[in-house]
Amino acid sequence: MKITIKLGGFIFKEKPKPELTKAYAEVLTNLHREGHELAVVTGGGANARNYIHAARSLGANEALCDLLGIYASRLNAHLLIAAIGQAVHPHVPSTVEEMLGCSSSGKIVAMGGLQPAHSTDAVAAIVAEMLAADRFIKVTDTAGIYTKDPHKHPDARKLDEVRVDELLRMMSSASLSAGAYELMDPIAIRIIQRSRIRTWIIPGDDPRNIVRAVKEEKIGTRITF
Amino acid sequence: MKITIKLGGFIFKEKPKPELTKAYAEVLTNLHREGHELAVVTGGGANARNYIHAARSLGANEALCDLLGIYASRLNAHLLIAAIGQAVHPHVPSTVEEMLGCSSSGKIVAMGGLQPAHSTDAVAAIVAEMLAADRFIKVTDTAGIYTKDPHKHPDARKLDEVRVDELLRMMSSASLSAGAYELMDPIAIRIIQRSRIRTWIIPGDDPRNIVRAVKEEKIGTRITF
Amino acid sequence: MKITIKLGGFIFKEKPKPELTKAYAEVLTNLHREGHELAVVTGGGANARNYIHAARSLGANEALCDLLGIYASRLNAHLLIAAIGQAVHPHVPSTVEEMLGCSSSGKIVAMGGLQPAHSTDAVAAIVAEMLAADRFIKVTDTAGIYTKDPHKHPDARKLDEVRVDELLRMMSSASLSAGAYELMDPIAIRIIQRSRIRTWIIPGDDPRNIVRAVKEEKIGTRITF
Amino acid sequence: MKITIKLGGFIFKEKPKPELTKAYAEVLTNLHREGHELAVVTGGGANARNYIHAARSLGANEALCDLLGIYASRLNAHLLIAAIGQAVHPHVPSTVEEMLGCSSSGKIVAMGGLQPAHSTDAVAAIVAEMLAADRFIKVTDTAGIYTKDPHKHPDARKLDEVRVDELLRMMSSASLSAGAYELMDPIAIRIIQRSRIRTWIIPGDDPRNIVRAVKEEKIGTRITF
Amino acid sequence: MKITIKLGGFIFKEKPKPELTKAYAEVLTNLHREGHELAVVTGGGANARNYIHAARSLGANEALCDLLGIYASRLNAHLLIAAIGQAVHPHVPSTVEEMLGCSSSGKIVAMGGLQPAHSTDAVAAIVAEMLAADRFIKVTDTAGIYTKDPHKHPDARKLDEVRVDELLRMMSSASLSAGAYELMDPIAIRIIQRSRIRTWIIPGDDPRNIVRAVKEEKIGTRITF
Amino acid sequence: MKITIKLGGFIFKEKPKPELTKAYAEVLTNLHREGHELAVVTGGGANARNYIHAARSLGANEALCDLLGIYASRLNAHLLIAAIGQAVHPHVPSTVEEMLGCSSSGKIVAMGGLQPAHSTDAVAAIVAEMLAADRFIKVTDTAGIYTKDPHKHPDARKLDEVRVDELLRMMSSASLSAGAYELMDPIAIRIIQRSRIRTWIIPGDDPRNIVRAVKEEKIGTRITF
């Protein structure tokens, strides 16, 4: 099965801790050993936010801030590669063309962002589309998609399923500033919509949730069409 | 002054005709000679649509169709380079990082699209943002932005100015399929909005309209904030 | 068996039509599945001629015109990749070194031109030589090599075989202007000669003619030594 | 004058703070405006150490750990570029050949590490040698080179000058583990020695110390031959 | 004036001697200082022949032998760069596109071969064409073009001028094997012909002969149309 | 088993002779066929020394001299590739990242030097470390490591084993000038030390000595910890 995974940058932390990275590496290696084709896009996390914040304070424009976040996200991809070892392609692609070349080798692909004005969510959706993924799994630091922002509203309710057009409507007010994308960026959702990509948003506390989503067990939030 | 220009692919036609390309090359060369810093993004036009259409019929996914459109748009950038000669950088950048390198040489930069899910409009907006452009000028095959689609509604009225949030509202229903972006793609508009880029949408029948927009003469539609 | 194929640009048309491309993609995929190693060089066709013509009108030198034709030929290679899918390497090489890298992966290689003053015929011959191809098959829009230009002389007779030195003699008057190479460019023939590459020139109306040439059935014109 | 500067990673901190980066950017921009040719190599600092530590815990070999440190150091170079703006080349070179290309443009070059088993000190020394620098200035978080490790020995005395062979003797016990180079790595010193590069080790608390070293005012420690 | 120069590999010898290289570097630097735009293509010489000979003995195909000759020719270009210093672009381009980028910087361009089946003569002609050179000067180890091979025929007479079509006729029997091109390769001559490039073949014993050809003084053999 | 081999440049000679190269190619091909993973770093040999000497005479700095030696060493890697054929990756990597990509394909990797101030010994040690090689075999033109320089001291005695710290002590006086590294460069030894790489220094007169070292038969000098 072709599986594209977005690993939220929160996994890597400001001061990256090896335990969680290792656990994810094991889950990915197992899936690959079972014959699945894997591509993984890592978010930038705290380091990306730190560098973006510093750059913005230094007067950098938003596109350049985006680039700094992209480079930070690639650092996390390199760390994931260090954790996986032989089963992953050693190169972190910086264009979808390079991604296709790496994927064509049969190894796991690990990558970060690509170009400004595309969040790593959007990149992951493009990768899922380009590889005709059977599963697109976004690993987040929440239980899935909520009716409201769960960090602010205690009465927010986690959705088991959400229709893509409904999701788009929910997102319509999201801002485009680097680092501020909430839940999932609208470009990602439009790509999921246009290519009807089978998508799950799952909680990242347990790496085996990825396996649950692959098996279509009930986990996180599933996007329907 | 720093000027970023989006040249609609319609200028290059399916079977590219040299006259209009030449006229644009002259306007651009003159602006460069006067000391302006120029970056030009060319659309894919009819050739892009033809190749995208063929690829889609062959079962290619939308991201790959986007790539074919991007490659076609770069062909137009190469033709523009052939028309301009010495004043333009000979390389067509395929990332914003390469674009920065070319621009850093002081020559005109000519380029097409970059990565899937970014129209050449979005690319041009990113370039304008990255270069901190004083003018972002989109050259279209209409007189500017209309209240409705002028091809379908005879009572459509051209707007001299439009607020960016109003424009975003008008665009909100635009689809993300390759080749189907109308007027200006929402990502481009969000970038214009987040960085308050001074933007004009002008008619492409007369290349000197670019000079009019540079001088802030009344031409096409101006985006306000 | 190692097979290098030159697909005439005529297959892709000015407005590329998917049917013929699809039929060729199927023949190539089948040959690859049977264990043959394939490299395919696509010509530029009508689009290449259109862009070359426009560039020349704009005052571009012949080397730059060649480059435009090369870029157009690569667009056709990308379309062929979209048609073939998994069995082809996703990258279109722009040097023979890159071609070797792609070929080394065991996938079909699809590519266009390389550098000015080499027609795609010459490129295909170089590729055939570099890969030590057992068959070099040039797919044309004629029945093979004729005693005279069949478009001008109704009494032209198709040859079943032609000795390479005889062919060189016939070609000796060919001009080097971009797009004007007739039948096969002399550089290609000299390469065929120096490495004694087993070569067929076959009609492109039926993609299965490639299989016939692979099996050494009587088809088109065979070059002998 | 040709000046090569090594900026210790300590300037960029784990959570990069813009103030010091900005102050350094101003000093560098001024020196460039006065006509000096500048190349700056940034260390990896706390982020490099964090990623190296995580990678080592994940079982990565030392060469791969070095690579993670190199990528982290390049992130700091990108931040410095964001701070400098127009006067710096936008590309962070990843080989000395690319460095030569960037330097050849007349802009400031900003870069991080290059390849495993070369600290950023060694990289800076190679850059200084390759550019035939008139000054090689290493900016540290100490006052210069001490008779002993000043963090451990309160009676350590700062040296105003030190002969390169004496320095080499002091260094001879330094280990090669990533992140563990003390004072200056022996490879750097051997390069300084073989090409007799005029070198200063200066305290980084005040960015203007760079100007003092350029003017050969008494600051930090000077390496003599 | 735009000048493209082919420096025969004989200048660099099997064991390169610095004196002649230095003398050429000075002539080139002076011409550049006077405002001329220079591109120089170096031949492979004895080293190229040695490696080609070894590779052929090892069973390498002719295209791969060509590549080894190309790499050897680039080594000579690097040595020329070492001799020229600041006035030359530090990068040795491996495609005409890269050559255009280097040339666009205003520095001297030094390069070797490009792709198989193009001698460095052909490469130099392509470069002359691409840059619209006012002079194309081929520096050889003979006094110019002779009526016969001067190494074999004592009655061979040096020509002051030769018409390009006459030259082509003389060349028509030249073989395409790597290292075996005599006088000038036919592809080079066809390019000279199609773009009417003003060409001189001059003796390489005195580097100042280049200056004589630039001034159109009587030296070597001039190609006429 | 993972095996990294350093082939001394002496194998390739100033005028490369095919016999020894062929014999080495056969040994390498056999080892690869038996399932071993191979990476081979070739030295620059006489050609490297010749070009370095010429460049130094021309006033080039040591870092640039190093680069010329690196390019010469890559020429030898290309010749080795020509000798091996199908079993080797056709690309000569110029960074460790590219080396990882080539190695990841399962083919033999052949490469020369990387960056200035790293001898090809150091490069080979880095490659051995990066690939976690089970054997690092350095092929030399001596019988192994001697108690003294055997070219100067007739009473020098070959060591069967030497402890890495003892070796480092012996090396401590080695100079860093390009081409002057004796026995093994200290950077290489420190890498061997920090990663405890199982290392043999063996005589290059018989290519089958590599097989002997792989089998841990008594040959040359073994480095112990």
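Per-chain numbering from 1; labels A, B, C, D, E and F assigned in written order.
The rule is simple: a contact is a pair of C-beta atoms (placed from the backbone, for glycine too) under 8 Å apart; a residue touches a chain by one contact, two chains touch by 3 or more.
All values derive from a computational prediction rather than experimental measurement.
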Chain pair with more C-beta contacts, B-D versus A-B: A-B
Centroid spacing, where centroids are CA-atom means, of chain B and chain E in whole angstrom: 42
Whole-Å separation of chain centres (CA-atom averages), chain B against chain F: 53
Junction residues of chain B, two or more chains touched: 64, 67, 97, 105
Chain contact graph, described as a line, ring, star, complete graph or other shape: other
Parts of chain F lying in touch with chain D, wherever the complex brings them together: 61-64, 67, 94-97, 114-118, 122, 125-126, 129-130, 132, 172, 175-177, 187, 190-191, 193-195
Residue ranges of chain F in contact with chain A within the complex: 97, 100-101, 104-105
Chain F - residues contacting chain E, complex: 14-18, 21-22, 25, 47, 50-51, 54-55, 57-60, 64-65, 67-68, 71-72, 74-75, 78-79, 82-83, 85
Partner chain C, residues of chain F touching it in the complex: 89-91, 105, 107
